[in-house]
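Common to both upcoming complexes is chain A, partnered first by chain B, then by chain C.
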Partner chain A sequence: MDFNPSLLALIPILPLIGFVLNGCFGNRMGRQFVSIVGCALPITSFVIAFRAFQALRGSESEAIRHTLFEWIHVGSFQVDMAFTFDGLSAVMCLVVTGIGSLIHLYSTGYMRGDKSYARFFAYLNLFTAFMLMLVLGDNLLVLFVGWEGVGLCSYLLIGFWHEDAANCDAGRKAFIFNRVGDLGFLIGVFLIFTLFGSVNFAEILVGVESISDVTAPASSLNSAMPMWGTVAIGTLITAITLCLFVGATGKSAQIPLFPWLPDAMAGPTPVSALIHAATMVTSGVYLCCRLMPLFSLSPQTLGVIAAIGACTALLAALIALSQTDIKKVLAYSTVSQLGYMFFAIGMGAYSAALFHVVTHAFFKALLFLGSGSVIHAMHHEQDMRKMGGLRRQLPFTHLIFIIGTLAIAGVPFFSGFFSKDEILFSGFFAAFHGHDGHVHFQDQLFWGMATLTAGLTAFYMLRMVALTFWGKSNVDDKLVDHVHEPGGWMPFSLAVLAVLSVFGGILNVPELLHWLPFVGEERTFLLGNFTGLHHAHTGIDLDALHKLEWTSLIISVGVGATGLAAAWYLYGPGRALLDGFVNGAGKKLVRISENKFYIDEVYQILIVTPFQFASYVMFILIDRFLIDGVMVGGSALVVRSFGEFFRRMQSGFVPAYLLTFGCGALVLLFIMMSLLNGAG
Partner chain B sequence: MESVNILSILVFTPIVGAALLAFFKPKNTAQVRHAALAISSLTFLLSLGMLWMYSTAMGQHEDGDLAARGSMQLVEFGEWLPSLGVHFHLGVDGISILLVLLTTLLSPLILLSSWKAIGDRVKEFQIAFLLLEGGMIGVFLALDLVVFYVFWEVMLVPMYLLVGIWGGERRIYAAMKFFIYTMVGSLLMLLAMLYLWWHTGTVQLIEHGIVNPETGLLEMMPGLLEVLRTNPLEPTTQVWLFAAFALSFAIKVPIFPLHTWLPDAHVEAPTAGSVVLAGVLLKMGTYGFIRLAIPLFPHGTEVFTPWMLGLSVVGIVFGACMALVQTDVKKLIAYSSVSHMGFVVIGLFVINDLGWVGGIIQMVSHGLSTGMLFLLIGIVYERRHTREISHFGGLAQVIPVFSVMFIIATLSSIGLPGLNGFVGEFMILLGAFREHQWIAIGASSGVVLGAVYMLTLAKRFLFGPLVHEENRNLADLSPRELCYLVPIVVMMFWIGLYPKPFVELIEPSVQLYVDTINK
Partner chain C sequence: MPINLVSADYAAILPAVILIATGLAVLIADLFVTDDGYDNPSSEKSHLVWIGVCGAALAFAALFVPSGLLFGAWSENGVASGSEVVFLGALRLDAFGGFAAAIIIVAAGLTTLSSGGYLAAQGQNRGEFYGLVYLGGGAMVLLAQATNLISIFVAIETLSLTVYVLAGFFRKWKLGAEGAAKYFILGAFSSGFLLLGMAFVYGATGEISLAALGKSTADPYLMNVGLLLILVGFGFKVGAVPFHSWVPDAYQGAPATAAGWMAVAVKVCSFAALIRVVVAAGQGGVADAAIGKMLAALAVVTMVLGNLAALNQTNIKRMLAYSGIAHSGYLLIPVVLAFQGTPDPKVGAGALFYLVAYLLMTIGAFTVVAMVSNGDTDREELESYNGLAKRQPFVAFAMTVSLLSLAGMPGTVGFLGKLTIFKDAVYSGPYLYLAFVGILASLVSVYYYLRPIVAMYFREEGETIEIVENNWGVKLTLVLTSFGTIALFFCGKSVHELSVRSIQSITG
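Then we have the complex of A and B:
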């Protein structure tokens, strides 16, 4: 199929046009105009992306490229505003435009009554544009434009209802946490340019391929290396990948930079679905996949990523157990699932991580939009303690939640089952077979944490369903008659996402299960899968692999089923048992979980307060007292030691020159200032 | 075309204009305002003419060597004080041209911004401002040390008056502090210039032709750059001379710990004064480094480089910390300037093409973004007569257009990619990383800190509930106000999205200088 590469640029540009139109004219043109512009342009982008995807499948080439213009070019440094559409970009692009379009449609209903309707769609379109730049960028800098741009939109949309200061604080927190990560990202980019002489993905990967020995000095790779020419390539690559991973922890809410994501739930619920579940927060995973060969060269970095991923997954799941705000549960669940993805990357299972990005986007967007329906129906009540029994009034939404929960819990043949199984199997393989034939204790520990998380996930998700939809109603009497199912486009988006959450797994069914109907080898073209790749790479016996995979699969399904059963029992017939635990033996544990392990408090005490205090002290002490005050107070000293200075002058010692100069100037200043003070 | 002395015309249009304004009736303020605006707009158009002539001249050497494309163009060389070897010597190259354009662009915008804010001694204000504009352009174009010094001082006096006459309550204190700091600096610079003149016998910066009175033939005489290259000064002398120039320039930038005049001057200055101070005057310091101190004294530069880099990193972090604890919005922006200008100094002292091109782009960028922030603060000050951040909050609900502008300026200031601030900062850090990775990493922390204090400001200024009833009836931007903000916004996006034309103007000259220095 013919595909004009210049159409690629349209994919991000169309939503950008939507932003400009809605931002400039939206208020004057009315809601109809805003809805049509806001939804039609992302949908068109989806169509173009889909056409590009078909063209890519049909052609021999690995990628479609298009350069828009030369962006920055100084000396040997050159970056273009250029886009690449390859398999990885295709997956991300289709997810962003596809789910993005559905969420835009949903928003036409959800935001119907809002006075800033046009502004909302403008921001949402701008987000889509930046997110598409991020996944289409041909080099690290275009990616960074998108990376920062989505951060900006996240900031604007979290604080969308800006009359409430708490929302703006949440937005600011998100931006600043992300900026800390960006610092790592930037340093990573500097290192990459220094080592490879380019920031283009293609050229970096060529450079990576040409590395034969990671212990060789870096100057053997790039003769223009400045001064660390003797540092081993491997060391530099570990530094690069760690820096980039710091960037990823900011954007993808991993330890230690995750506390912004739960607060980000202050934004409207479609925003939480699009930005803080399905797309933006997965960009850290995307970055690692994009530079996969580079990450693979550093086992140290992969070890760190696996550890952070497993710890984040478990920690967030533990916090999610006790949250009472329906969106907070989903937020911590997102952090936890992102932890899964990084765990997979740490295990070298990039395809599994990316596959989980896709299925997670399906079911988490579904769950968030479903929670949006609940919140919409409940007139912006988010506390699950004031819900209960909603199954009767919201049967459709209830069904949506059940589907989402089964998908995320990894119940067989739902989409989440396939991707989660891949991830847990990659961990299981490392823990009990070993990538290099040896098993390591830490791999077993990480696998244990990941498996435990799977059980906890099933538990807290069903707990959420039980609290919201089952049991007796705690709904305010005034509200109870107004509770209603969503209208307009909202059920449509939910239905499509529900179908994807159920069947999305067929996009990349593991090799083990290829005997299932409707799937087969030809459907794994998108991502490839762990078993197949491992078999191909290392030549491990396929039967042995299958045996391991079956074991892993049975364990993970068993753990998930246990979690579901436990939640069903404890929040149903066995409620008394649970209450007894919560108010008795487990009181302290529950308190810790409820208070999110006191992480916000720790940040406040260790970083925010000392920093502000230090700034204030410096202002008084250095700026006011030392610099402004020294002209008056310290001058006597200066005069007394004048003779000293004259002797030191000839020393050729730079600090002495500086000191003489500084003091000379200060004396002059002092004389004039005292004249001034006397006069004034 | 050769016969048009465009640079002299550019320098003297505002100065002669100021002289003409003296004949206007002081009472007829509208007429004076229009005339001044017309003069500075004419200057801007002339500077576009200069840009056109410069590009044409550069275009002639499209395939030519670097020296031809990067060297001084449109050079003018006139008699002034021939007995002392002082000549009216002007020229423009890639290093100065954008700064001249920044000056001529901001000037009419500033006059437009003070249309209503300045109600007292209108005529004197316009005259002082036009003199200031002429002085600033003169500094950027001067190729003779004496001419440079004269313009440097010419610029100082009107600025002092702007703060001292049209300023706030503590204006006299602030003006004197500004004056004394700057005078100390310029006195040392004058001494150093005298030494250079005594030592080399010339005050011309670059090679120039002089008609030999005996033979009547044109002879090429070397300028300071050439003389000092073939005949370098003693290392110790270089250290002292560099220190003298550097102190003067460091005060202007300002480099930590010489910055305390800046917050006072900004707070007391009227909006016009703050904008011109942040927009152009601070760049005099960094321009001085790039034009004089670094190329003339390579050894001195080498000796002081670790100090300048170290102090800049300290300044970046310190300025950001100070900005965080300010309660006066103008002080906050003033300290943010200390932080942002630290990046420029780092760019200049790593002495490679990325650092210098980034440094110059960052000078222009900072002029635009900080200038715009001061213009915006001036707008609310005109309506509310307060600069305390706590007197605002929730403005986004009442003045949405203003808020959008404020957010754009904020994002530009914190270096969001796609806007101007990112391009310069990124080049500087990348350039610095090659030579001194720890300095670059330290400076990068400014990226985080900048977001902290600017977003905190935006939140306390624009968002949250509308707590003060006085703010409920604030008027949004008027067409006049939009008129002077929109051009700046356009430039911000242009530099951020398509910096190529700017880089192409700068790069050949920078290459020429950097190659010579590193040789």
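Then we have the complex of A and C:
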């Protein structure tokens, strides 16, 4: 199929046009206009992206490229505003435009009554444009523009209801946490440039190949950087990848930079679904996948990533156990699932990470939009303790939640099952077989944490369903009669996402399960093969591998089932048992979980308070005293007093004028004569 | 020695003759009885304005007639025009003189246009004003063309007499009489320096021609000291620190439009003569490099002190006076470079171009001052401008354009002028520091140029401001100066090229 490469540029530009139109004229043109512009342009982007995807699949070439214009050209440093559409970009692009479009449609219903309707769609379109720039960028700088752009949109949308100061604080928190990560990211980009002499992905990967191929001369590296001569290249690569990973922890909410994400739930729910679940927060994972060969060169970095991922997954799951705000549960669940993805990257299973990005986008967007329907129905009540028994009034939403929960819990043959199983298996393989034949204790520990997380995930998700939809109703009497199912485009978006959540796993079925209907031998690992990220496990024969796979699968399904069963029992027939535990033996544990392991408080004491103190000192010393006082005030004072001095010298008396004149002339003459004598 | 006048002689003095004839015509026309009765100083006397403007237009046209001063530079693309020594070396017919003359003539026309209504409102509209402007204008044009010491001195004295009188034109006003008297006394004092310097130079070379400045001489020491004394004399005329004391007092006491005339025209012809002197001296190679250093020192002191002293002024005329001093400082930079001949002999063009810019923005600013004061000399304080923009948006706009141009903001011709001068200084090598000082000084100047703008746009009106309204001449002046200030920013290139060709006519 023919595909004009210049159409690639349209994919991010169309939503940008939407931003301009809605931003400039939205308020005057009315909601109809805003809805049509706001939704039609991302959908068009999706269509173009899909056509590009088909073209890519049908062709032999690895990628479609298009250079929009030469952006920066200084000496040997050249960066183009260029886009690349390869397997990885294609997957991300389809997720962003596809799910993005569904969420845009959903928003036409959810935001119906909001007075800043046009502003909302303008921001949402801008976000889509930046996100597409991020995933399509041909080099790190274009990616960085998108990276910062989505951060900005995230900030704007978290604080969308800016009349409430708490929302603005949440926006600022997100922004500041991201700034910390961005600093790491930037340092990583600088280091990459010094090492490879380029920020272009293709050129970086060429450089990486020359490093991994020890026989080749390191000519493609930046030989103009002799200062790296003393530093081993391996160390430098570890530094680069760690810096980039710091950036990823900021954007993808990993330890230690995760606390902004739960607070980000202050934004409207479609925003939480689009930005803080399906797309933006996965850009850290995307970055790692994009530079996979580089990350693979540093086992140290991969170890750090695995550790951070596993710890984040477990910690967030533990916090999610006790949350009472429906969106907070989902937020911590997102942090936890992102931890899974990084755990997979740490294990070297990039395709599993990307696969989980995709399926997670399906079911988490579904769950968020479902929670949006609940919140919408409950008139912006988010506390699950004030819900309960909603199954009767919201049967459709209840079904949505069940599907989402089964998917995220990894119940067999739902989408989450395949991706989570692949991740857990990569951990299992490392823990009990070993990539290099050696088994490491820390790998076993990480696998244990990840598996435990799977059980906890199933538990807190079903707990959420139970509290919201089952049992007796705690709904406010005034609200009870108004609770209703959503209308308009909202059920449509939910239904599409539900179908994807159920069947999305078909994208990357493991070879083990090739006998499933609609799969077949030739359709295993579709996603991994298409993106080129899939790596078969080597050094083991097929039968042994299958044995390991089955073991891992049974363990993970078993753990998930245990979690579900426990939640079903404890929040149903065994409620008394649970209450006994919460008010008795487990009181302190519950308190710790409720308070999010006191992370915010620790940050407050360790970072915020010293920082505020230092800022205050700086403010008084540098700003008030040095800049305002000495420099600004001082220079103005000096200049003005000079001015005043000369004003007074102008006494008005002619003799004084004559004296000035004469003395001036005499001084000139004197200097002149001495110069002449000196020369003579 | 008999003088045989040839056509070049007539062509050379034609603009000056027309200006002087205009001055006489105005004086005669003022004798006739008009509708308002005989010599009513409160009448607008539009006929005098008309005669003056027509005379200026005629003189301007005379520059461009074949064999006229600017004809060569104007018509021959890029080729330095031919020049001729006329009147036995007293004057020279060249494009350089023509360019300066053009600025002076335009200044005379604009001053005439803006003065009718203003002087009438003051009750001081007497024909002598215009007569003095045109008689002085003739002398100024001759100064711009003068090429020997005698003609320079005669021209300077002639034009000085007219501006002394203009400075004290409001003779019943104490400040006016006082300023004029100070100006006169200090002027006489400075003439002494000038004359002494000329005597020294003559003593060293035995010749009165400027060309002699370059010739080798038996006594270079005497000649250099003589040159310095001549520079002191010119320093007084242009208001360079420390010979500037007269400027604020004279400008404050003078009628606002006369102050604009003094600021522009006197500066133009003095700088023209000064550049002729330094180019001749510099090309000869006898003049010591110390002369350049002295000039540079004058430039630095003038830029810095002029701007600093302007900071705290509350009277707008005094502020503009100090601003004029500061601009003399900027203008001394190309003079230094022209003396040094670096980076190439054409650098003096920066001064010519800057003077065009200075003409537009200064006349514009003083015209607004004249309109606002409207017969009341108390209304020259800064507070009088509070809230002007609400009642008189156009006047406030014209003032803003002029002040921004004086401050050197992009979008105005003042920016291009400063850019040309500072760029030349940067490329000159040894005088790079002049550009730094100049830029810092103009940074300071932004403060006081913005003060009237802030007053006009952001302050509440204190008292109702009545201005000289419905006077076509004043309005036309403001339209022309504002338009010119902005338009020349966008198409200043042709003017700059003309200035380069003009300077080539004296540097070769």
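Here is the rule we go by: the second predicted complex is superposed on the first by the 589 of 680 C-alpha atoms of A that agree within 3 Å, B and C clash if a C-alpha of one lies under 4 Å from a C-alpha of the other, contacts with A are read in each partner's own complex, and residues count from 1 in each chain.
Keep this in mind: a contact is a pair of C-beta atoms (placed from the backbone, for glycine too) under 8 Å apart; a residue touches a chain by one contact, two chains touch by 3 or more.
None of these values were measured; they are calculated from a predicted model.
Residue contacts after overlaying the shared chain place A:F120 against neither chain B nor chain C.
Legend: residue contacts after superposition of the two complexes on their common chain; A:F295 is shown touching neither chain B nor chain C. Once chain A of one complex is fitted onto chain A of the other, the partner contacts of A:Y110 are absent, as it touches neither chain B nor chain C. Comparing chain B with chain C, more residues of chain A are touched by B. Using the contact criterion defined above for the overlaid structures, shared-chain residue A:F201 touches neither chain B nor chain C, since it reaches no partner. Within chain A, the residues touched by chain B in the first complex and by chain C in the second are 652, 654, 657-658, 661, 665, 668-669, 672-673, 676, 680. Contact residues on chain B toward chain A in their complex (touch as defined above): 172-173, 176-177, 180-181, 183-185, 187-188, 236, 239-240, 243, 247, 257, 260, 303-304, 307, 318, 321-322, 324-325, 352-354, 357-358, 394, 396-397, 411, 416-418, 422-423, 426-427, 429-430, 433-435, 437, 440-441, 444-445, 447-448, 451-452, 455-456, 459, 462-466, 498-500, 503, 507, 511. On the chain A side of its complex with chain B, the touching residues are 69-75, 77, 141, 144-145, 148-149, 152, 155, 159, 162-165, 168-169, 172, 175-176, 179-180, 182-183, 186-187, 189-191, 193-194, 226, 228, 611-612, 614-616, 618-619, 622-623, 626-628, 652, 654, 657-658, 661, 665, 668-669, 672-673, 676, 680.
Those residues of chain A that touch chain C in the complex are listed here as 639-640, 642-644, 646-647, 650, 652, 654, 656-658, 660-665, 668-669, 671-673, 675-676, 679-680. Across the interface of their complex, chain A is touched by residues 181-182, 185-186, 189-190, 193, 221, 224-225, 228-229, 232, 236, 241-243, 245-246, 248-249, 288-291, 293-294, 297-298, 305, 308-313, 444 of chain C.
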